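Look for chain A in each of the two complexes below; its partner is chain B in the first and chain C in the second.
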Partner chain A sequence: MAAPRYVADPGDAIRLVALDGLSALYHLPSGTTHIVAPPAPEILEALQEGPADAAELLARLRERYELEERADEAIGIRLIELEQAGLVRRA
Partner chain B sequence: MRYKLALQIGPVAFRIGSTWRAPLDALARLYAAYPRPENDICDFTVRLEPEKPWRRWLRPSVAINGDYMLPDAAPLPLSMGLLAAEMGMNLQMALGQKRYLLLHASSAEKDGRALIMTGESGAGKSTLSALLGERGWRFMGDEFALLDLDDGRLWPFPRAVSLKNGAIKVMEKEVAADRFGPLIADTPKGDIRHMRPNDAALSGMGEAAKPALILFPRFGASEAIRPVGQAEIFMRLTQASTNYVALGQAGFDALTGLVASCPAAAIDYPDTDAAIGLVEQLWREAA
Partner chain C sequence: MSGRDKIGDDAFKPSRRTVLYLGAAAASTVVTVRPALAQTAGSVLTCEIPVPGPHAAGSYIAQDGTPVPAGTAGAVPPLARPLRGEEARILLNGSTPPGVNPGSAQAYANYIRRLQSGMSGFTCYASLQMPR
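Our next item is the complex of A and B:
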């Protein structure tokens, strides 16, 4: 079975404000507010390039950030959390 | 409605109508020094009516109605008509206010800058704002602080202070008797006595101030100042706002702007003098 691919709303659909180490995120399409921790904002930004599965997303993030060895596992879990929060969806 | 009264409180104008004369007389006495709305145009209407038509004479009880209604707002006995009018004004603000982000908070102003205090019921925010108002600050409000959606300034809402239980004695020591309403005993929140804010608060009710400090007071613990992270401040203030969700992005922008621009702290205090000392200390540090 192919890994699920995820897509995020365009960048102008969210407002993101850094609050110390966390961020307040307002999602315009749903009108909901979220408090998110890294790497959620970074994942949403990387998905602006287009739909991606966890491996593709990880490759995009590795171009921009230094990630830990086990980041692949964490990215998969974060994507599921973001999907449950309504901030990403299956492509 | 047989009896009517229009009141200007800060930037908000109310029309209160009542089937009975007594609650409006009490309200008119308490709010005697307040301005009347310009051109008699009001933002909200509060109606105090009999719960059922025949209840007007037989053990009368007051149902609180208005432009915005909660289906389960419990009626109060007529002897608590003043409380019903005040609850009605709160309810209209909480449910209907769209021009400002409404924070369930007390506030006071000094040197053109505003202090915001928010906390759970019983935290002492109301008493502290009332005390500051008698000790060199301008009292802005004990229940709602109105954050301007356009420029982030704080508008006052200096309605009569609703003192509860122990706070009644604290303020009776500080303030002349003619500024108090009648003692309303055994309400759902215990004893309540209203206190009219002083002249400085009333004459300044049209003046907004830039927020400069946010405090989360808590009564009953030994004296302490605790830092609060910005994300927690933001979360607590969304919970303290009655219209944050309804305002959508405008509310988000106003609230994140406030949190980013304003220092904040949680304070624990064993008595009101200790609290005032902590407030003054943090205010000096925030300057």
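Our next item is the complex of A and C:
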């Protein structure tokens, strides 16, 4: 079974305000505010390049950041969190 | 060459060596803030509506809800204290909350329905109309 691909809303659908180590994120389509911690903003930013499955998303993040060894296990959990919050959806 | 390290805009861009921990957080990285309206559900019950408001202090309330001069025939006297949100809700549902003269209830309910933005008690009344 193919790995699910995820997509995020365009950048102009989100207002992000950096707080002290966290960010307040306002999602215009749903009118909902979220408090997000890294790596959520970074994942949403990486998805601006287009839909991606977990492996592709990790590759994009590795271009920008150094990731820990077990990042491939954690990325799926982070994507599910974002999906449950309505910030990403399956493409 | 000045010999100094280059310090410019690039200094504020994320370094490619920045470490991003995807799995370090044991707790969720996303916490959704409940809409403010949902959190005000409790306060709706205790917000206040003066009948009548300061703009018509001392006036009686006609059966259609309009403030009229004291003693006007058919009008009811003003309430001695503001209605709480829950009492207003009871009135708007056609019942009479404790402490309110049943014969005056309809006039008070109509007064509340006539409240407009900017009038004392309007925000409370508007909150009562919001679905919960």
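By our rule, the second predicted complex is superposed on the first by the 91 of 91 C-alpha atoms of A that agree within 3 Å, B and C clash if a C-alpha of one lies under 4 Å from a C-alpha of the other, contacts with A are read in each partner's own complex, and residues count from 1 in each chain.
Here is the rule we go by: a residue touches a chain if its C-beta (ideal position, glycine included) is under 8 Å from a C-beta of that chain, and two chains touch if they have at least 3 such contacts.
Note that the coordinates shown come from a computational prediction; the quantities given were computed from them, not determined experimentally.
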Next on the checklist: In the overlaid three-chain picture, which partner chain does A:Ile75 touch, first (chain B) or second (chain C), both, or neither?
Outcome noted: second
Next on the checklist: A:Arg15 in the overlay: touching chain B, chain C, both, or neither? Say first, second, both or neither.
Outcome noted: first
Next on the checklist: For the three-chain arrangement built by superposition, which of chain B and chain C touches the greater number of chain A residues?
Outcome noted: C
Checklist entry - In the superposed arrangement, does A:Ala85 touch chain B (first), chain C (second), both or neither? => result second
Checklist entry - Is A:Glu49 contacted by the first partner chain B, the second partner chain C, both or neither? => result neither
Next on the checklist: According to the stated criteria, A:Tyr65 is in contact with first (chain B), second (chain C), both, or neither; which is it?
Outcome noted: second
Checklist entry - What is the contact status of A:Thr33 with respect to chain B (first) and chain C (second): first, second, both, or neither? => result both
Next on the checklist: Quick check on my understanding: which residues of chain A belong to both its chain B contact set and its chain C contact set?
Outcome noted: 31, 33, 35
Checklist outcome for this item: Per the touch rule, the chain B residues reaching chain A in their complex are 229-231, 233-235, 238, 244-245, 248-249, 252-253, 256, 259-260
Checklist entry - Okay, in this complex, where on chain A does chain C touch? => result 31-40, 42, 61, 63-68, 70-71, 73-75, 77-78, 81-82, 84-85, 87
Checklist entry - Within the complex, which stretch of chain C touches chain A? => result 14, 16-25, 28-33, 35
Checklist entry - Can you list the residues on chain A that touch chain B in the complex? => result 15, 17, 19-24, 26, 28, 31, 33, 35
